[in-house]
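Below is one structure, written out as structure tokens; comments come after it.
The letters A, B and C name the chains in turn, as written, and every chain counts its residues from 1.
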Amino acid sequence: MCNPVRSLAVWAALLGVTVVLGLVGESQRVLTIAIQTFMLAALASSWNILGGFAGQISLGHAAFFGLGAIVTRELWLGGMPFVLSVVAALVVVIVAAGVVGVPLLRFRDIYFAVGTLAMGVAVSLTIGNVRPGVSSLPVGALREYTFAGPYFLALGVLVVTVVVSLWLRHSKLGLGMMAVRDDEQAAGAIGVSALGHKMVAFVMSGALAGLAGASFAYFSVSYYPNFPFHVVWTFEAILAVFIGGVGTIAGPVIGAAFFVVGRDTLPSGIGEFQVVMFGVLFIVVVLRLPGGIVEGAERLLDRSGLVRRGAGLSGQESAGATDEKGV
Amino acid sequence: MSRLILQSAVSGLLVGGMYGLVALGLALAFGVLKVLNVAHGELLMLGGYAAFFAFTTWGLDPFVSLPLVFAALFALGVVLYQVLFRFVTRFDVETRIKNSLLLSFGLVLILQALAVRFFTADERTISTSYSSMGFTVGLVRIPLVRLAGLIVAVIAAVALEWLLRKSRFGHAVRATAEDWTRAALTGIDVGRVYLVAFAISAGLAAMAGSLIALGYSVSPSIGLGWTLKALIVVVLAGLGSMRGLVLAGLFLGLIESLAAVWVGGPYREVVALVVFILVLSLRPQGFFGRAHV
Amino acid sequence: MLAVEALEVAYGDLQVVWGASFEVPERSIVAILGSNGAGKTTTLLALMGLLPSIGGSVTFKGESLIGVPTHVMVERGLVMIPEERPTFATMTVADNLAVGAHARRARALRDQSLREVLEIFPVLAERLGQPAGTLSGGERQMLGLAKALMARPDLLVLDEPSLGLAPIVVESIFDVIRSIRDRGVSVLMVEQHVEMTLDIADHAYVLELGRIVADGTSAELASDTRVRDAYLSP
């Protein structure tokens, strides 16, 4: 089933490449794309913990991304040392996730999805009302701005998220989450607390999203404070997860890379139609290839005989496939 | 102070009528097809734009163009069903809901992006000769166009109820909504019921959009906000129940408005969220729903 | 009227019915007997197109039913009453009967069908305005039958009509089934109650673990020692 040594080797190699790029890379465009990929990949991976492992579809994920961003930004621009701001943001996000999770996680499936959507939109609109003005880095910081800091922060957050995901995948906690995903009642029958596992998944997922938000706050020069709360971030995260392969570890990262790079390399004349294309691709994935790129790649490798069955890119089968039952 | 409260209450009721109308279409699609279309608000938005352009290009009064707008989005609903949602109906209920949720989420951004591209991001409002007219009852001012919207909402709800209770098609719809297997065994073409029900739901969204363009405003990004309110109304009334949607809508609008006076305007969106959580926690079957769904 | 040959049905990878062949002639009651899990309901669902069959042929009035949508089968005169939920519980008795005549072939004769059906089941006439869910088990089964008759079927398929009903009620239901046959509608019924069923059936098949293991007239089967030992009480 799992080939941890092989997976770790691949991840380590990837990490090495990205670190080198961060140290020697000169092109602003490449660095920007990389940072955006890291952020989306971290956001997507964090969503995957709740949606892919624990099976709870949250449509309000951006709320935690935005919360992490706004707390970090306001404290940092207000004079607090950056690291402290991030820590404070993390604490705030964890508490918020805990508070919001208590009522919301009691709801099953569609009610949960709608509840999180409501939360996301409510928070997004409220922040827009309460903080309408642009948030910009002060002139001094602007002059000293380099890509190095944001690059390695974003990369660091992604590494943390991936490591957490890897650990979860092989841990008892993670298995409990997946048991809840597959059959909540059955899980309860064998002593796995559904609410408890969902809660942990929700808080972990939110916390990591908050960290990704902190990296957004560090990277972005000037933006409207409600932007990181916008539902488009949730959508892009879910898009990346599904296109890459929901429930896998590599999936969200691959999907994020695919999306960010794809969006950047498409000719600019297409404009909004990019969104249309990705939307269509997403729909195709949901209907036809629930395992995303990871599943597609595994099938191809399977057929070519290069790789033994089951030892795919992430070392595991993709989860989250849809059931066709009955009529 | 009491004038503010009364005016807020009235405004809340008026917008609540719109919430109810939007909820009507959403509940129809969900109740019959067991499909959750979060892009319902985008269909509303497109209907609003259709009415707007019918007005600015051909001078058609929005009440006159209502049936046209309905027909236009009905047609779009047919297309969306055939191309997209039809495939979701293969699955069992749980998977249907999850997949349609994801699918329509994708549709939300596609339609929004297209709208920005073709209509620009500007807010539009239909300004007719009577747009600023209203009448004053005591301390309270009632805008004519919004009141008309509420009236249309009530008429639509009554008409839909009549259709479902009395017509042959309505019987087929109710049978399919309860048990599609049994419905097929009764000789009902379930696929066709799904198609028409979904298209009607799109048409209803369009009607709401038209009235909203007249009484409030439309822009490419309004969709999700309205969908959300509609979802909350559907849950308040009780998933699977068509009756009492307008009432639940009025309730939500009223509570929202009054609470906004209390907590302050910028936080009014949070009120709806809190109402949602409270009702679901205390009375999961909604006001009018059955204990089981 | 109905001829099924070598029907094979599977749930995904698991095959449940193997090479089942049976037929229902005009004006007769044919029974498929078997205990729980024998595959009776599966066979019927495959017959009605609600489950895909992976082999065999089904011919109704000379035309093949493979690939035909369920509601079209009803249009052709083949109507099935499922085992659970024979009615629409949230709709009134009157609405249930009305929707029973949904098919085009039955629409024009709706009023006449209604009169006939209320003659057969007078108890329903008293409950027209009630939601079907408030009826007793036996009344619901009757409503299910009445609703099916509203579709003016040529062949009625019943899945365990006696399930969960008191013996007296079962007797009256079976009487009705007999009179349905006498009016010219063939009946295919699937049952666990072997004795009572053999009483009214003209011909019967025995289904065991997905295969037909015996078939013959009721008299033949009643005297068949295997059947007696396995299914008939001492």
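What we mean here is this: a contact is a pair of C-beta atoms (placed from the backbone, for glycine too) under 8 Å apart; a residue touches a chain by one contact, two chains touch by 3 or more.
Nothing here was measured: the structure is a model prediction, and the numbers come from that model.
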Geometric centre: closest chain by C-alpha means: B
Most remote chain, CA-based centroid, reference being chain A: C
Rounded Å distance, chain A centre to chain B centre (Cα mean): 31
Whole-Å separation of chain centres (CA-atom averages), chain A against chain C: 53
Approximate Å spacing (C-alpha centroids) for the pair chain B, chain C: 42
Touching two or more other chains - residues of chain A: 327
Residues of chain B touching at least two other chains: 181, 184
Two or more partner chains touched - positions in chain C: 50
Sites on chain B touched by chain A in the complex: 36, 38, 84, 87-88, 90-92, 94-95, 97-99, 101-103, 105-110, 112-114, 116-117, 180-181, 184, 224-225, 228, 231-232, 235, 265-267, 269-270, 272-273, 276-277, 280-281
Chain C - residues contacting chain B, complex: 48, 50, 69-71, 74-75, 79-82, 85, 88-91, 95, 98-100, 102-103, 106, 147, 151
Residue numbers on chain A that touch chain B, as the complex places them: 57, 59, 103-104, 106-107, 109-111, 113-115, 117-119, 121-123, 125-126, 129-130, 231-232, 235, 238-239, 242, 271-273, 275-276, 279-280, 282-283, 286-287, 322-327
Residues of chain B that touch chain C when the two form their complex: 168, 171-172, 174-175, 178-179, 181-182, 184-191
